[in-house]
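Each of the next two complexes has chain A plus one more chain, namely chain B in the first and chain C in the second.
And then the complex of A and B:
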């Protein structure tokens, strides 16, 4: 006799050990006697730490006071955040004149405006926007931060940067709204769509020329007061050094890596020697060399400003590290890719630019971002040669008479700031990886 | 052969360029400074009392005052000044290669530094000395009672060496606990990590003022070392050396003569005292030897003040002062039994 159950068996709920919190805890935290002890001890340590930090840093902390003595008067065991708050301007902007701080803020806002299109959908020519950020924005920002009289080169670059910023912004707005590029829209608006391609291009160039002339004339009257680099400091200085280092490390590294793999002996030897020299010396030594030895080699009276020397040193140093990372990435590309590229008739730059580099860079993202994060933290070494970066500023609080001896709170604040910056970079790199790895999904 | 000739020609060209780029006549420091329009004065990383930043990012302190005084003497304006903060590893190099015009930082004047480093130390503006801080309730009242004690000290300084010498000479068997950072040193001492702290008395007094309960601690009377802290200039430019030393002397002399930043205008207009009239440039021609304006000393006192005013402001009981008493110390005027003494200005 056969029994056929035609009804579907109702699913039973998963056992409580799999679904409930208690079950999970029993399985993972109290699985054995040893695990239970570990759990209890760990929980206790976490409790002590959090409790200590909470009561010192928040519950008993003093937020408003004029001196550290007052802090002690209000609460002797708590943190004295009032000192950090009083020094916030110093920490963020260094000794930059207080009435000129808007220039740094404006520079940051412009950078954001410049870079936002890179993340927007439907915007074309992102590579151009990216490149202009690296090559034109520094001139505009540089003038905004340093001020003073512009020489003719600076005038041209500042005008180009402003024009580019306006163009970028218009282009992105139009792109997001209509999906067309700025050039296409201009052609349509001017109603010259039926003209030949050549005359269309001429019209665009003419518009560009007129725009440039207008901007150039406007910027001739634009003057901001000169602020000596010696007044730059704080997080601002850290970001300037790290920003230029990051922007130049990748292109520098790519060229050095290609040079090292080149078939031309002179280029190969020079690149290899350069990389090995800078890589085998600690950064602090490079910085010392740049600031103390370099002036000795120069004719008397020739003093390059110290910030420039430091930035050049940081750029060279990190380009060398980057070069080795890039070289590792290049070596991971199978030979077939090179051969395939040759087969379809691409030359050296074509092969590298269109076939090899895009694949290699994608693989290298974690390492590249690792170097960037390292670079950001390494910039704190410049405090040793007397630049007031964020770390020097944080340490200086404990020497200011009203806040004498206040050193834990500023350093903790600095640690949080650095964590935030590095964590954002790291998160963004994961995002990039995920975005670019679509073709390689397993 | 052809290639070799080309190579040699280019080497020669480069060499010529290099020679041509080197200026033939050396300028004096005063000329360089005047041409540049400001004085480059070197201090160290912030140090309480001597040179520190306030919350607005401005420099202040006893050594900063010396810098401002030099700028006032030359330009009549204390703001024509660039303060360079340079770590102690690089302080002398940076003076030697011309980056700084003078060093006004807590550098101890020692014979080897004065004779071997190509620099000249001038009139000290602060006499410091090494001492000990202890908990008051420890019952210790003299450094000789520190037998077998653990003493906190910052590493790599003469302070550490002096401590070892003192311990050996008196058979005290002191064990040194070293730290890189003086904040950590003090923290350890406060939490009972060592029985005493050693360091320069001035800076310890400053740090002690910032302890949670300053009255629980005291500085022992013994002084282990001599630390005359003096400004320094490059060796070989006597005129510049004179300008900086007489700037410091002028501040000391002004205090002795009772000239302050408040009464200097009055005294210049009305005083009958020949010394005052001579110093403020009303009569005589003291300024000629320095190559400065007639009112160089007047500007110093008008803009920066005399030595006593600056001591009170930054080291003493002033609002930005760290509270080191001056009376009876080596930093009092010679008329009060101290070491602050200026040659006559006549």
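And then the complex of A and C:
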């Protein structure tokens, strides 16, 4: 017997415990007697913490003063942020000449212009833009920051970087507006759409050549004053070291990981030994090794400056950590993927480059970004071996005569700055992982 | 059929039997390996010869004889006897190693406990508690450890009251003190016959092990559960206590006393130790908490439900079902976190705690030279620790894998 009810019954509303605020609170905060006590105690602890921080850091804090004594005169139990504010330029730029600060700011702006297309929709050739950021931007920025006379190699690289920046920007603007790439637009504008593919390509190469020549001639007259690396400092120096470290850690890590998983025993043993050597010692010992032993390794008369030594050490160290992460990603790739790639006739580099690596790296995005975050945090270690990075600057405030003994506020400011950078990076990595994920979610 | 087959076979393209030197996989692999080996070998040879030349040109001596030379400086904190003017660089090396191990072991114990607590709180059904634990983890993971260490040192422990105004942490008994010179606490002094109490402890532990085995066997054969915790606890406390009292309480306490400008007696920990300990513990407990959380989450919800369905009490579900399955996911990352603590304890140099890097790689290297030997010895120590820990990990993994189905 079947009973068919013609009338549709209307759905009952969800119980109030599922929808109302009170219901949510009863479920998540006051589920049992123990839970209620826990909630109340936690609320009280939060209240105490927030109240203490608020009154010390904001309500009773001093924002404008000339010395620490004045701070105390205005408020004895508040924070003295005036010291941090007075030192802001030093914290961000170190001892870089004040009239040349525009160069650092310009470098940052150029980097942003360079990288913005990576996040824009409808822009093609993002891989090229990304690679050019890693391989060309450093030369342009390096000249901008260091200045002085350019040798021929530097001239070529700076020209290439400027040309690439112009091309990238034009390409992105055109792409966003019309959806076509720069090359397509050029072809259309020059009205050679009907010409053979080969002559089209030749025309583009010719335009590129002319552009390069023009830029090259222009940059020959471009000169900025030389600023010694010893004047670099603050957050700027931290970012330079971390930036180079981040840019080189991933490629280095990929090669070391491939070496460690290679079938060729000699390559495998050397890669493994290298990775394990650097992973088993603290970064600070590697930095000490770089500053005390690199000079002994170099032939006489050849002197590496301390900044270069430190950057080499940071790169080697992080490449080894990255290698282990990449290796973990490689191990997660099923064997069928390798075999499938072989079946369709791909060689070793084809298999790795087109099939295995993209999957492995996608898998490991949060871990890779985790290493980047670690690298950024670890750059503070260079202050121990005497570079004037952001931490040295923060510590120097307490030794400056007007601000003698001001320890907490600068360090808290630095901690907040790092927290902001690292937190954004890790949140963004989660977002990327979710966006790139192709697995089915259940 | 067979004729057909044979015909086809003759038509088939034969695989290239010719040996193609440039496209043979074995030749290539040997070639690449030789190439890499040659490059690495040449680099090493080049580095060694230039270094030797440089050393000769600068008139620097090499060798490990400097370890027997007197060091001529003292350290703030040490676990062995050492006199300035007599103690050698070898003693300094030993002091550094012991200090590094001491701070590392202390921080490892504390951070493991704290990490477990925060990790479990992260999964609390109480929304507020879970969010507070999350904030703790995010705040301490995303700020550099070095800034945290320096903050605790310069911002907290160095700003404590002076010696004469010390905090009395024992609540009026004047035995435990905290001031800007460090932390002072009583230290036990062994009297005659304390060894008998020690033996009692050993006997108690053996008895507990035997009792547990017997209880397990009883449960396996009869199904009856014997209470384990209370008898074990009673045994380990009561037996040594009884022996201790019978032998006449052979234990004295050396308490810190204010004499002149400082405390004498008892055990003292300098502010740099305290700052490093607190910073390492908090920073790493945030990482540890995430490991614990991931491990517990890795156990399928079905396991939890099934255990409840067969009538286990919630406490037993945790103990018998969830934890044993979560441990294989927790232990390997946990041990690598321990290794991180050992490595990060080297940041002690920033606040002047005399760990291995500070006293040996920095002070001794500046005084005695011998960069290569000193850097090599320091790195060798960390590598030794690292290899021992990963050896332990391998043993654990093998044991866990045997159980796995």
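Rule of thumb we're sticking to: the second predicted complex is superposed on the first by the 412 of 442 C-alpha atoms of A that agree within 3 Å, B and C clash if a C-alpha of one lies under 4 Å from a C-alpha of the other, contacts with A are read in each partner's own complex, and residues count from 1 in each chain.
Following the convention adopted for this analysis, contacts are C-beta pairs under 8 Å (C-beta built on N, C-alpha and C of every residue); 3 or more make two chains touch, one makes a residue touch a chain.
Fair warning: this is a prediction, and the values are worked out from it, not measured in the lab.
K.L.:
With the two structures overlaid on chain A, would chain B and chain C clash, or do they fit side by side?
P.N.:
clash
K.L.:
Is A:292 touching anything from chain B or chain C once the two structures are fitted on A? First, second, both or neither.
P.N.:
In the superposition, A:292 touches chain B and chain C alike.
K.L.:
Given the touch rule stated above, what does A:6 touch, chain B (first), chain C (second), both, or neither?
P.N.:
After superposing on A, A:6 lies clear of both chain B and chain C.
K.L.:
Report for A:99: first if it touches chain B alone, second if chain C alone, otherwise both or neither.
P.N.:
Touch status of A:99: no partner.
K.L.:
In the overlay, answer first, second, both or neither for which of chain B and chain C A:391 touches.
P.N.:
second
K.L.:
Under the stated touch criterion, which partner chain does A:42 make contact with: chain B (first), chain C (second), both, or neither?
P.N.:
Only chain C is touched by A:42; chain B is not.
K.L.:
I'd like to know which partner A:31 touches here: chain B for first, chain C for second, both or neither.
P.N.:
Only chain C; A:31 stays clear of chain B.
K.L.:
With both complexes overlaid on chain A, does A:419 touch chain B (first), chain C (second), both or neither?
P.N.:
Once the two structures are laid over each other on A, A:419 reaches chain C alone.
K.L.:
Examine A:404 and indicate which partner it touches, taking first as chain B and second as chain C; both and neither are also allowed.
P.N.:
The answer is first: A:404 touches chain B but not chain C.
K.L.:
Would you tell me the residues on chain A in contact with chain B in one complex that are also in contact with chain C in the other?
P.N.:
Common to the two interfaces on chain A: residues 288, 292, 295-296, 299-300, 383-384, 395, 398, 407.
K.L.:
Give the list of chain C residues in touch with chain A in this complex.
P.N.:
Per the touch definition, chain C meets chain A at residues 29, 32-34, 36-37, 40, 47, 50-51, 53-55, 57, 124-129, 132, 138-139, 141-148, 150-151, 154-155, 158-159, 343-344, 346-347, 349-350, 357, 361-362, 365, 371-372, 375, 378-379, 382-383, 385-387.
K.L.:
So in the complex, the part of chain A that touches chain B is made up of which residues?
P.N.:
So the residues of chain A touching chain B come out as 68-69, 72, 76, 86-87, 89-90, 93-96, 98, 228, 230-231, 233, 288, 291-292, 295-296, 299-303, 383-386, 388, 392-393, 395-396, 398-402, 404-407.
K.L.:
Inside the complex, what are the residues of chain B that reach chain A?
P.N.:
18, 21-23, 26, 32, 45-49, 52-58, 82-87, 89-90, 93-94, 97-99, 181, 183, 186, 206-207, 209-212, 320-322
K.L.:
For chain A, which residues count as touching chain C in their complex?
P.N.:
28-29, 31, 35, 38-39, 42-43, 45-46, 263-267, 270, 277, 279-285, 288-289, 292-293, 295-300, 373, 377-378, 380-381, 383-384, 391, 394-395, 398, 407-408, 411-412, 414-415, 418-419, 422-423, 426
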